[in-house]
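These notes open a run of structures that come right after.
Consider the two complexes below, in which subunit A is the common component and subunit B and subunit C are the respective partners.
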Partner chain A sequence: MMKQIVFLITLVIGFLAASQMAFAGGGATGFINAGTFALVIELGVALFVVFLAWIVKDKLKIGIPKLLQGVFIWIAAYIVFRVILQPPIPFTLLAVYMGIITIAIFLYCSIDPDSWEQFSEPIRAMLQDDTGKAKAYRYVTFTALPLLIGFGTYSKMVPKFEEPVELRTVHPAPPASINVHGEIIDLQRVLNPFRVDNEGKYLDVGKEVGDFKNNPFAEDASQYLKNVKEGGEIFFGTAGCMFCHGDNLDGKGMFAFAFNPIPANFADPGTIAQLQENFVFWRVTKGGPGVPRETFPWASAMPPWEKHLTKDEMWKVILFEYWHTEFFPRTFGS
Partner chain B sequence: MSFLKGLCHPKRMKWGAVALLGLFGLLLLLPLMPIQAIADEAPAGAPAATEGATAVEKAKDVHWKIEGIVSGPPAPKLKYPDNYGTYGTFQSRTLIWVANQQHLYFGSFVLAVPMFVLVMELVGMLQKDKRMAKKYDDLAHEFMKISLTAYSITAILGGVLIFTFLALYPGFFMYLAGIFRPVMHIYALLFILESGILYVYYYGWDRMNESAYLKWCHLSLSVLLNTVGLILMFFANTWVAFMQSPSGVDEQGRFLGNIWMAIHTPLVIPIVVHRILGNAAFGGGVVAAYAAYRLLAAKSPEEKAHYDWMSYTAMFMGVLNLIPLPFAGYWLMREVYAYRQQMGITLMGGLLAWVFIMQATMIATLFVTLNYYLWTAMGRMPGAERYYKYFKYMLLVLIVSTLTWLTPHTLVMTPAELKAMGGAQHPVVGNYGVMSAKNTAINTIITTTVLCFCIYQRANKVPTVKWARIGNLALAAIFVGAELNILFLGIYGYYIPANVRIGLSVPQVCSTLSTLFIGVTLNTMMLKNARSLGEVRWGQMSVRGAYALFLLAVAFTWTMAVMGYIRSSVRLHWHVNEIMRDASPWAFTNPIGYAGNINSMNVLIFWTMLLFVFWLGSLTDKKVPAKVKEAAPEGIVGETIPVASH
Partner chain C sequence: MKIRLMKEAGNKGVTLFSRIYLVLFFMGILVAGGSSVTLAQNPPPGAYKPSVPSAEDVAAGKGIYFKKCVWCHGADGAGNGASVKRLLTKPRNFNQGTFKIRHTASGQLPTDEDLFLTVKNGLPGSAMPPWDGILTDQQIKQVVAFVKVELVKDRKFDDPDEEITVIDYGKQTPSSEESIARGKEIFMTKAKCVECHGVEGRGNGNLTQKDDWGFPIFPADLSKPWNLRGNRRDPYNPQNIFREISTGLNGTPMPSFHDELTPEERWDVANFVMSLSHHYPIDKETNKPAISFVIKGKFVKEGDTPNDADDPKWDALEPQYVGMGSQIIQPPRHFLRTVDDIRVRALFNDKELALLFEWSDRTESHRDENRPAIYDATALKSESFPDVEYTTTNLTHEDDEQAGPMKGVRPPEVGTYNDGIAIQFAQAWQNLPSPEKPYFVHGDVKRGVDIWKWESDGTVKEMEGRGLEQVTVRESSNVKVSSAVWKNGRWRVVMKRAIETEDKEKSAQLEKGKNIPVVFFAWDGDAGEHDGKMALSTYYYLMLEPPVPTRVYVVPPIVAGVVLLLEGWAFYTARKRKREREGAVKE
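And then the complex of A and B:
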């Protein structure tokens, strides 16, 4: 019964995977988001491989030599990471993944005495036996090896005209202090002056959660929400941040795809949710031209907003961004 | 006198040893007295100075913001080449890097080994079985022998380091010595004390084995040796911590007269804790590699059995310290962020983020290698065949976790690849680049390692306790429950803000530690009076397992190199962070490739020297380890170790 269920699940997931590939081929985006769908495809492929292994080993009673199993696993992993996983991952990551898979295969083949024996026996036979078959394998192996090494060396040395890889730092370290409109601001200690309660006292991070669902336009809105509202007006009006960062703050504004990379997606837990409020203040004030050398190749088109907005306006925009995304800025004790 | 004789009575011996230990402990406070005297000196001197003609200048501590009396010159503004020395076209920074790293390697080793020796000797003394007691005692003695040769190399390398500082960075070193002058002298004096204790401890080993009372005294010496060693390390760490997060000086770098404030920097405690654990894990790894080397070189079955057991024991002790290490590192990083946001970001998200990926690779290597060693080690345990079929699934879990653990948040790619991906984050693998995935991965890796150890414990045994079935179910529930909790919290972490997510790491770690403490304890209890399926065939370790131990030790060494580089580089262009600028032409952050090469060179130099130490150790070893059992079951020659010892 269990096997039939596995079989059915595999079929369904396989069908979904095939349909998604068909959608992708036709230029459609698929009916659920790409990330989730890709995960489903990966799971489907994994289940399918397990199912196939079960059929071959237990049903058809075909024993695959360990060495060959290793080769099959390597090829299957390569297909998953290179072909099935979409959009394609960068080559550097592929190399890391395949390196780990290669090591894993060696560990798998030598994990216990029996496996090691099965794995190493054909290699030993190829190296030591006096049979004609072993000799033939030897000739092939020891002819292919130097050729492969030579080809590798040639590929490495031949001049290429490809774009170099870039190690871009997405979150560069801020300076200790910055000068904004003639005032030196200590980035280690400065707090958002508009994160305040109704009495004007600093509202500790986390306490604003009660206002996340409240209406900033309400007449009885808290002081915090009033500041958020003003920040929103700057985001959508004065500064027009939404044209790049999107009206859902997801980095998909109408100008976004003119840039490479596209603007930061504040709704992603990997951007402002990872940062302290004063870090965001630094990035807003100094923009792309103000990022340090370590962020080479300075792939940020954001203007230095200190040239267009007051300090108060910039702080309010930041307050709005955290409120809208319902993220809290990162804090590290007092 | 009669009191002392009374303490020598067999029944009161332990009390005598405790009293002796207490006395030694009090002696340790003596070197600290000058520090207190200096600390008291500054306030005491203040009124006297005020009464004089010249006014006393006061300033605020750069970090703690406490007012103190200015007692030293400001940090000099160094100039190149006036305040720096060079050797031709060699990069001075690389030279000091190598000198520092080599001294640190050997220093860590000689600090870690006495810790193991203390435990081994104590375990030996508590053994009821005299045969086992002797085995542990011999093992401890042999550990110490390796350490002794390394000790003199440590001292030589310490000298080399000082000369390198004086020759290449005199301006910086004079400033540091100006502040830590008294501590440096105490350090030197403690080194003499350490040497004295070490020699008495090592050369008095056989002599002090003659009576139980003397043996306890010997153990007390071991405690003293470790205490002095820890204080030595603490002092050396305070200088490093001062460079990274200075205090005790004002913003100009002027010493404010209170040495304790210069020692008690914001990062000193987490650095010290992290380093102690790291050293212990590293020491265990190196001794295990030594034993593996001797195992591979051994000719007789007895020798093989001895070194097989030794390598397992050393590895086990190293791993005990390895498991809490990631949590100590987490604490250190949290303190770094609290101290300076930009320092934390430079480390984890900015300039040095990719060096952290290297470190993550090493951590994964350590755990996977450890599991592999245990799997291959089960090849010499009759009955372990029952578990072979599970190994591949454990490997699968480890590899999936490793793939997640090593997926970077910031990808290295060409602009074309970036465009094809549609943004800096990949929609699928981007999910594995954040903290939720990392915490889940590392906790799963550690939990799987604990499970592997539990299987190893019972590989050649069948539980016979009445509650074996319930025990097995409970054990399964603990592991499955822990892993489900780790996975659930990992996924839940994607749906909540970062500052709440950080808090989830605590229950995840608790789940992992539950498997470690409750799972292993339960497993051990179940194996009491267990039916044996055959003794461990010590000495029949596969060659792959012995090489795995080498890999483990080299991975420890490389991890130390890369972490040391990260800690040092995070100061960027400062000798002393925000106080004293590095004006030399080498005040830049090296490319990752260069750093990787120098780290590899350091590892190579260290292991070359260490192999020399190992070789020396084998030269003096003419004594064949005690052969306990001539004919083990199934005709296997070697030693058999009772259930409790592994």
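And then the complex of A and C:
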């Protein structure tokens, strides 16, 4: 019973690690679909592995030595983290995950003396036995291990062409107020003046959902949708946002491949869906050069749009971005 | 839950067969979910009958169209959505039923599969993105149904007079030196591909052609297969080239060679075209060559750094791919950069650094006020859309009172400008607290940059930048260009500078083994590019290969020795224990 519990815990840890990574990877490249998708795949793989283990052990009655089991799981995990998961994860993260896996395997194998006995048996045999087989294993291990570790040290030490690790804050804290075209705008209070209903009254966030599937080009479109349409025409025409943020607002526009950091992916739940509309307004008006040091103002190709667009146009673009991605801006309380 | 159910089933004695079936079922789910295999297969060669979409599909497709597609293709599908004035490859006008990428004979309508695959994979090199992963296959079929039924107006897919014949791939000739040589011969002589695409395929032939809608159109640069519209996100597959040679691209000057060339000859040409590009590994996220942000500088052990691009010393290095975007940040904003990548190599010795820049450019441009630029925005107009203002470089609000400090700023633009290339370093980069850098577009007020710029009139400048509006040419410059040659649609420029210079404050000093932040800029004079109107990269790092320290050769053997000792100790103790145990047993 104990074994099963440990096994389950291992599974859950591995699964959480993998899913978190899938999400992180998804967020970094702006693929919500890939993120959730990866999650489902991880779950599928985990279930499949359990099922396969059950088939092999209980049904086909094939016993795999404990040590070999551990090695298999370790290698399988490495392949998943290193090869299958795309985009590749940084080495430091890989090291952490493989560390967790290693501990989990040792925990699983040393849960009771019997199990530990089974696990360490091949190692003991390799060291102690006098059979020809044991001797062969001994010679191989005793030569391979120092060579491998020596080579590993060498490849760690030899100078390499590597980028420095630079960690960038994606959503920095906004200022309390900003000055746009001579007007001081209180970022705590300002509301999108184009989020309005047909009577011109402010449309509470969430109420626009009925228009998400409606045609902004239709003649009977609501006032909200008409504003969305103007926003879309600015996004695609006047401003040309799609060159970077993409025709589907997924951050994969024509110039995106050339830029680092890559343009924000609005279709990902980690960007505008996490932000208040006025935060987005701040980022649009002040662009790359307007962010604090931790967000790398020197590297972002985002223009300060106050130089090119009116305030109204910027608000309409923001309205359009939420309509197109079908996200709601974040609100706090009333 | 699932596991338990299966366990119970297993206990009730499920047959081995059904167990295997279950395994296969799970594997099937994984394979189907994990791969991006397209569901649509190419239809068999010969006569083809397009499907008649259901009214429900057309209605559902309309909903998708007016959310996702309308912004470029327009409410009537006439290719005149909001983005038309910004793009060089214009959005497709569906009304005429003219589609480029097809499996059908020249002039014919496309198959359903063709349209499906175009939406799914996008048209690389244009603004049309792959909709795979955004729209489901079902939704793509629906939107294709809407386009076919409602937006193609001049022809009808269900018209019995519309003949649709799917081409035959025949038997593919695998690529070989012989096949490539035969293909080259056909490319140069029989098929005359060279007249438009140029000797090395960079699209530098006939540059004065127009498409069916009156827009200027330029021959494809075959040395960048990842930018070819019909590459179906599989850029090194000669099938795509075979298909395009066979069908031609409707609406463009690219003809079909179906009747002129045998299938074998077309395969040879396809293999030759594939040989024209450097096969970089492709980044699946961007469908472009994978980018490494560290430019590797290699140490020249013997002799000087090369003066010439043809010097075999450069062969020690791969040309590194550097992606280029447009400078759209500050006036003069520019959406139409034609240089979308440059290739960089760096060699150095103890005295100097030599950089080799190579990039595709269809024309060798020189400043000439009287010669209109080839990609001039005003020349990109079409009579088909007289009411659309085709400006690609203008400010959005030149005369708007509300629009910030840049209003009214618009550079005069006359004729052709010089081509150019530049690399930018941060001044005194060694002293910047990591990861801080100057603003990547020519620096900022606080942090200056050192720009080395070459122009096609032969000038080489070293400039100090403190923002795009504050770039000054420095009087003393140590930058040299030893060779600059334009040939067959490509510039090759060798730029040099001493590793160390006297002015340590304003000139970047180079150091081995350090990540030196650099940015690249390129100008195509025939796109009206000059000064701040340019193509630009993001931040890269130049690293001059550091010498290998002696300890790298000393420490690893010591570590290996220690491991060996530990092994010996483990072996000794294990044996001792065994002896003790056996001793105990005997007693």
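Side notes on the structure shown:
Keep in mind that, in the parts below, the second predicted complex is superposed on the first by the 194 of 334 C-alpha atoms of A that agree within 3 Å, B and C clash if a C-alpha of one lies under 4 Å from a C-alpha of the other, contacts with A are read in each partner's own complex, and residues count from 1 in each chain.
Quick note on the criterion: contacts are C-beta pairs under 8 Å (C-beta built on N, C-alpha and C of every residue); 3 or more make two chains touch, one makes a residue touch a chain.
Given the structure is predicted, the values throughout are model-derived calculations rather than measurements.
Using the contact criterion defined above for the overlaid structures, shared-chain residue A:Q276 touches subunit B, although it does not reach subunit C. Of the two partners subunit B and subunit C, more subunit A residues are in touch with C. When the shared chain is aligned, no partner comes close enough to touch A:S177: not subunit B, not subunit C.
Once the two complexes are overlaid on the shared chain, A:Q118 sits clear of subunit B and of subunit C alike.
Contacts of A:N260 after superposition on the shared chain: both subunit B and subunit C are touched.
Shared-chain residue A:Q223: touches no atom of subunit B or subunit C.
Touch criterion met: A:N248 reaches subunit C, while subunit B stays clear of it.
In the superposition on chain A, contact of A:P164 is made with both subunit B and subunit C.
Touch criterion met: A:Y97 reaches subunit B, while subunit C stays clear of it.
Overlap of the subunit B and subunit C interfaces on subunit A comprises residues 33-34, 87, 162-164, 166, 260.
Only residues 33-35, 38-39, 42, 85, 87-93, 96-97, 100-101, 103-104, 107-108, 110-114, 116, 162-176, 187-188, 205-206, 251, 260-262, 265, 268-270, 273-274, 276, 278-279, 294, 326-333 of subunit A touch subunit B when the two sit together in their complex.
Of all the residues in subunit C, the ones that touch subunit A in their complex are 2-3, 6-7, 10, 19, 22-23, 26-27, 29-30, 33-34, 62-63, 66-68, 70-72, 75, 81-86, 126-129, 131, 133-134, 283-286, 288, 291-294, 296, 323-326, 328-331, 333, 335, 340-341, 395-397, 400, 402-406, 434-440, 444, 447, 513, 515, 537-539, 541, 543, 545-546, 548-549, 551-552, 555-557, 559-561, 563-564, 567, 570-571, 574-575, 577-578. Subunit B makes touch with subunit A in their complex at residues 334, 337-338, 340-346, 349-351, 353-354, 368, 372, 375-376, 378-379, 388, 391-392, 395, 399, 402-403, 406-431, 433-434, 494, 497-501, 542, 544, 578, 589, 592. For subunit A in complex with subunit C, the residues that touch the partner chain are 29, 31, 33-34, 37, 40-41, 44-45, 47-48, 50-52, 54-55, 58-59, 86-87, 124, 127-128, 138, 141-142, 145-147, 149-151, 153-154, 157-159, 161-164, 166, 181, 213, 215-218, 232-240, 242-244, 246-248, 250, 252-260, 267, 287-289, 293, 296-299, 301-304, 306-311, 324.
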